[in-house]
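Structures follow.
The two complexes that follow have chain A in common; it is paired with chain B in the first and with chain C in the second.
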Partner chain A sequence: MTPLDTLYLASAATLAAMLVLGDWRRAGVLATLMYGVQLALLFTMQRTGSTSFDLSALGFELSWRFDALSWFFAVVTLGTAFFASWYGAGEWLRAYTGRRRLFQSALAANVFAMLLLLGSGDLLTLFVGWEATSWAGFLLMALAGGLARDAALRYLVYAMAGAMALLGALVVLFQAGGSFSYEAARATLAAMAPGPLWALIILFGLGFGAKLALLPLHLWQAAAYSETPAPGSVFLGGVVGRMGLFALALVLVGLIGIPHLQALAVPFTFLTAQDVVAWVAALTVVLPTYTALKQNDARYLLAWHGIGQGGYMLLGLIVGSALGSAGGLLHVINYAATQATLLMVVFGVRHRVGHTDLNRLGGLVARMPLSFLALLLGIISLAGLPPMSGFVSKWMVYSSLIQDGRPFLFLAAIVGTLGTILSVYKLIHNLFLGQLRAEHEQLNEAPLSMLIPMLATATLAFVTGVAPGLVLGWVADAQAAIGLPVIDYTLGGIASPRASLDMLWVVGVMFAGFGVGALLFYGAGGKTHRVHQLDNYAGGHFLDAGMRYHYSDNFYAGLMHLIGGWYRGSFHWLEGAIGSGLSLVAQGAGGWYRAINPAFYLLAASVALIAWVAL
Partner chain B sequence: MNVASLLVELVLMPLVAFVVGLAMVLMMRRIAARLQRRVGPPFFQPLFDIVKLYGKHTQTSHGLVHDLGIVMAVGGYIAAETMLPVPGMTGIADKGGLVVLAYVMMVPSLGLALGVGQCANPNGSIGISRALTAMLAYDVPFIIVIFGVAFHFGSSNLITIAAAQQAAGIAGWGVSQMPLLALAGLFALHGMLGKQPFEIYVAPAEIATGPMVEMSGKHMGGLFVMQCFQLYTAAVLYVTLFLGGGENWLSFLAKSFAVLAVPVSLAYLFPRYRTEDLVRLMWKWPTMIGLLGLAFLMH
Partner chain C sequence: MTSLSDIPVIQTPPEAPARGGNPLANVFDDFIRYCRSRSLFMLHYCTGCGAIELPPAMTSRFDMERIGIQPMVTPRQADILLVTGYVSVKTLKRIILTYEQMASPKYVIGICSCTVNGGMYWQSYATAKKLNDYLPVDLYIAGCMPRPEAVIEGLKALRDNIEAGTSDNWKDYYQRYDHYLGNQQRLFGADWQTPTEVIAEAKHYGLFGPDTLGEHTRRLEDHRKPLEPLRMTLNAGRLEHME
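Entry: the complex of A and B
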């Protein structure tokens, strides 16, 4: 039995255990331990390897193998599953009123399906893994019922359409090359004419882009991820969408190759395929970030940011330089730790308060200081500020854009970051700062079973920010696996004459600065005394506990006054238009089949045919 | 460079920045006074103000985050100073660079925002909402400038950028090579300083309706210290990007004070912009000038 066999066996055993024991009150602890075992197996195995078994279906071989790219994404998958499961193993599970067996099984099925996808040894296995992941994801999203079910059904429409696009791409590729193997696909794609190649890029882009929620395929994600029960939401938000990035990395970079994308011009323009993908990524950074800014539910706010952060990953990857692609891939692991932390805090607040409405909270730092600390570290990382890990990966993407001479993409990337700073400040302000409501004065800190994993992931995001070299080795191997130039790194970051970064020094100096700042503040001058939150300037008015003295709604009123009108819901309009178009075609087909107004439909079809021939 | 001399630089650079920053505050207040036909404060007034605020008997705090916000605001700038090369000292400028510095400079703003938020005063929160919106406004031309400079010199390392300008003489300075970007940078610098007509987010004339509403004693004293660092950082960064950096202390200080004198002098001649007008202005003129400068640079 190969190490990969053992890993798959452990993952399948976790699923089986949850199917049988999912209702047991200690099922969460068991699942966490089993994810821990899988993670340990992953760390002890070589980064490349294959299973000892192949399956055969309709004369096609299905084979699984791991390379460094699969291994890297598997670490993120199992790490997120481990912490998400831990988060939901204690008090959260005791308070959970839904179907526990279904929930635990759905989480385990997602992990298993994702490992199958990551281990795809050929395009057919990739499709099987993709479908398994999509359906497992649907199960996890839908199991809470109500709003969650509606959101999951919307996701399913995108997933099905994506799957059809993917199937179409595979058929085209098989027709051209006669094989589903990666090697044959690489050779076929290298020799392919621009027309079919564009068709394939679009089909693969639609298929994988729907999971990554690239614009304009992003509308399903925020609601679907937010309405899932807490550990499921943490897992979905942290890693599931990144499977789209894995598949795009495999196909666009590994099979087609960046030089080929650079050589493939968009007819009648000065753009190349690489530019088009980069701009889709850049728009995915900017637009969802500013949609996040106007959310009033903390879960939705984070979910919208999740969409934007996926854009950074693809942007870095598609730049294709050693620095940029390493930044894009590094952001996968940095973002997973960051987003898991943030979602765990927000769901911790929901566990205590019962909701995550940003207009009905505030001042919770006094009652939940450790959750505040975790959220603070998380928002610094999400906003991409030092000393957290989110800064390092974004810095690599920015620097690669400067080196590549792409000012507008650079501008888009940083405008996205600035919007994130505004948005995450609103998040921490409306949750933890400002006035503590009278009804929240007796709240307790999040339970220990939820607190430890959130602090652990926050610590991970900090440690990999101070010493990014700890994980850059994995990234470098993943780059090599898909034929990208490999990053030259140090423990503290990057040493290059054009752009160097040593986070050990930067963070060291920052903390020394904070130390001096603390010495000045606490060591000099008179002693401070703490005043009550209502002992506050109110223009001569008397404040009492019943009075709302907190600024939360329409937090960026000035900015929204200017840019609010830009949110015209154009993507919703597009989605509606596609839906209406499909509905019209279906109605026509149904009418034709049932012989209702056949003459009219025949006429319409004839006109359309003539127009197509004539044009 | 050996570790001992590096450590000496890391101590000296923020100290020098503070002392020069105090002088810059003095210059700013003297210029305002001259324009308003007043005498202006005495030489040591900026220092006296800080000592007075730290020494006040009543020191109220709204909690740990309120205090730590000030610590972050001061500490972030102390760290930033070690990344800004000055004559004879480079600190850790080679370990970060322009983009890192730009992001470290956001840490004090985040600290201030956290501290103000903890005060539970909606007026303070409104002030922060305005301040962050303003940051979104002036940072757009600022990042265009950062891109242009880093692209032009082929590096984001500030030591390399300054050395390249010094080697080429005045004709090779950023301002000669990239005049439009230098102009856009001056606009962004003005917005960044929060001086008139862009001072609505600081609200210095009506502190009860801005971020400073709950700041007094040491908290306000800390912000005074931060202001010294802020003026110094902005001026020195501009000098490093466009005016050849620091060959020697005399010319370096002269250039830094001259750069700062421009927005400070203009500040008292204009009425103020509302927040959304500030955004509109910053996204229009300096951004357009910057993009035009970039177009010339890249072709």
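Entry: the complex of A and C
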């Protein structure tokens, strides 16, 4: 039995255990331990590859194997599952009123399906894994009912449309090459004419882009991820969307190859396929990030950022240089730690307060200081500032864009980061800073079972920010696995004559600066003085507890005055128009079907089927 | 109530130390004062028509930033409180609140005749006549209204006073708090209070004097509801329960 077999067995055992024992009081603890075991098994496995079982059905071979890319994404998946499950193992589970067995099983099913997807050894297996992941994701998204069900159904429409596109792409590829194996596909794609190749890129893009929520397929994600119960939302937000990136890396980079994309021109323009994908990624960075800026629910704000951050990953990956693709892949793991931290904090607040409405919170730092610390580290990382890990991966993406001579894409990435900084400030301000409401005076800090995982992921994001070399090795192996140039890394970052980064120095100098400041302040006898929150300046007004001066509604009024006109809801309009068009066609077809004798159609269809089977 | 002796008079700078003393004895204090006088943030509490002369004083024509003074939006970071005109009783409460929220060292400038003696509102029942009855004013810039040149001159004078170490009326507010509080209570009534703990701050700065406390502060203690700072805590609910 290979190590991969053991991993799959462990994952399947987790699913089975949750199906049987999901209602048990300690099911969360058991699940966490089992995810921990899976993670440990993964670490004992060789990074560069392991194979598992083959099976053949209907004359096709299905095979599962792990390479370094799969291993990298599997680490992120299992790590996120481990912490998300831990988060939901204690007090959260006791307070959870939904169906526990269903929830625990859905989470385990997601992990198992994603591991199957990551281990796919040929295109057919990839499709099987893709479908399994989509349906498992739907289960997790839908189980809360109500708004969640509506959001999940919307997701399902996108996922199924994507799956159909993917199936179409596979059929085209199989027709051309006669095999589903990666090697055959690589050879077929290399020899393919531009027309069919474009069709394939678009079909694959639609299929995988729906999961990654690339523009314009992004509308479903925020609601579907936000309305899920807390650990599920952490898991979905942290890693599930990244399966789209995994598949795109596998197909666009691994099978088609960056040089081929560069050589494939868009007819009648100066653009290449690489430019098109890069611009889709850049728009995915900018537009959803500014949509996040307008959200008034902390969960939705973070979920919209999830879409935008996916754009950074694809942007870095598609640049294709050692630096850029390493940045894009590194951002997957950095972002997972960051987003998991942020969502855990937000759901911790929800656990205590009962809602995450940014207009009805504030001042919680005095009551939930450790959550505040975790959120602070998280937003620094999400905004891409040192000393957190988000800085490293974003810096790599920026540098690669500059080195590659793409100033406008660089500008788009910077504009996206600006939106991120603005909206994460809104997040921390409206949640934790400002005036504590009277009804929140008696609030407790989030329970320990929720605090430990959020602080752990925040610490991970910090440690991998100070010493990115700890995880850059995994990234380098993943790059090698899909034929990209491999990054030259050190413990502190990147050693390259054109762009080098040593986070050990950056963080050292940064903290030395704080140290000098503290030394000056305290050395000169500086004393701090705490005042009551109503001892505050509001143009000279005397404040009392009945007066709200925590400014949260219409937060960036001045900015919105400038850019508010740009929010036109075009994508909602597009989605609505396509939906209405389809519904019109369906109504017409239905009417036509009903108007003429339905029995005749049934008979004709049956005869045709029998003829096809018989012949 | 209005005797000239109440108005603080700028004292002459202390005599230079006699020759033969250590020339470097005060060099550090001098340096601190120099730095302090060259970087002043100003909170302008614009109450009356004097405010109209501030935009030209701030902007490019007269440009007060060339002497290191620029506006600040909150009292917590401000050094100068600029009161620019007549002070109604209602406004005075706000000015006192704002002043008490400023961190020491802090300086008050009264602009226009109205802050000196009520000006053309002398007969009004609703205005405070002399600002320095209620706050320790460092400098008055008289005029109705003073032109930007006069404003700049006044600010330069304040700068020089700070550098010379003669502008420390803010200490007077702590040392003679009872006197100022008495005047405030006479105007606003006996139940007047601000959220700031001036007496505690006087102890904090080491400026607690014999006149800090008196009959008026005793009256304050009778009705005052102190505002405790929010404590940072992990289990507020449980603590409340135990109490």
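Convention: the second predicted complex is superposed on the first by the 585 of 615 C-alpha atoms of A that agree within 3 Å, B and C clash if a C-alpha of one lies under 4 Å from a C-alpha of the other, contacts with A are read in each partner's own complex, and residues count from 1 in each chain.
We take it that contacts are C-beta pairs under 8 Å (C-beta built on N, C-alpha and C of every residue); 3 or more make two chains touch, one makes a residue touch a chain.
Fair warning: this is a prediction, and the values are worked out from it, not measured in the lab.
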**Study point:** Joint occupancy of chain A by chain B and chain C, clash or fit
**Key:** clash
Exercise for review: Give one of first, second, both or neither to describe whether A:Y537 is in contact with chain B, with chain C, with both, or with none.
Suggested key: both
Exercise for review: Kindly classify A:L370 by the partners it touches after superposition: chain B alone (first), chain C alone (second), both, or neither?
Suggested key: second
Practice item. Answer with first, second, both or neither: which of chain B and chain C does A:L562 touch in the superposed model? Key: first
Point to revise | chain A: partner with more touched residues, chain B or chain C | key: B
Point to revise | Touched partner set for A:S52, first chain B, second chain C, both or neither | key: neither
Practice item. Could you tell me if A:E441 is touching chain B, chain C, both of them or neither one (first, second, both, neither)? Key: second
Check your understanding: If you stack the two complexes on chain A, which partner ends up touching A:T97: first (chain B), second (chain C), both, or neither?
Key -> neither
Practice item. May I ask you to decide whether A:H529 touches chain B, chain C, both, or neither, giving the answer as first, second, both or neither? Key: both
Point to revise | Which superposed partner A:T269 touches (first chain B, second chain C, both, neither) | key: neither
**Study point:** Colliding stretch - chain B into chain C, listed as 9-17, 45-53 or 279-287
**Key:** 45-53
Practice item. Starting from the residues of chain A touching chain B, keep only those that also touch chain C in the other complex, and list them. Key: 363, 365-366, 436, 527, 529-531, 533-537, 539
Review point. So in the complex, which bits of chain A are touching chain B?
Key: 362-363, 365-366, 372, 376, 380, 384-386, 391, 395, 398-399, 402, 405, 407, 410-411, 414-415, 418-419, 421-422, 425, 428-429, 433-436, 492, 497-502, 505-506, 509-510, 512-518, 520-522, 524-531, 533-539, 549-551, 555-559, 561-562
Exercise for review: Can you check the complex and tell me which residues of chain C touch chain A?
Suggested key: 45, 74-76, 91, 93-95, 97-98, 101, 194-196, 201, 204, 227-238, 240
**Study point:** Contacting residues of chain B [partner chain A, same complex]
**Key:** 10, 14, 53-63, 65, 67, 70-80, 82-83, 92, 94-97, 99-100, 103-104, 106-107, 110, 113-114, 117-123, 125-126, 128-130, 132-133, 135-136, 139-140, 143-144, 147-148, 150-151, 154-157, 160, 208, 213-214, 217-218, 221-222, 225, 274-276, 279-280, 291, 294, 298
Check your understanding: Which of the residues in chain A come into contact with chain C in the complex?
Key -> 363, 365-370, 436, 441-445, 527, 529-537, 539-543
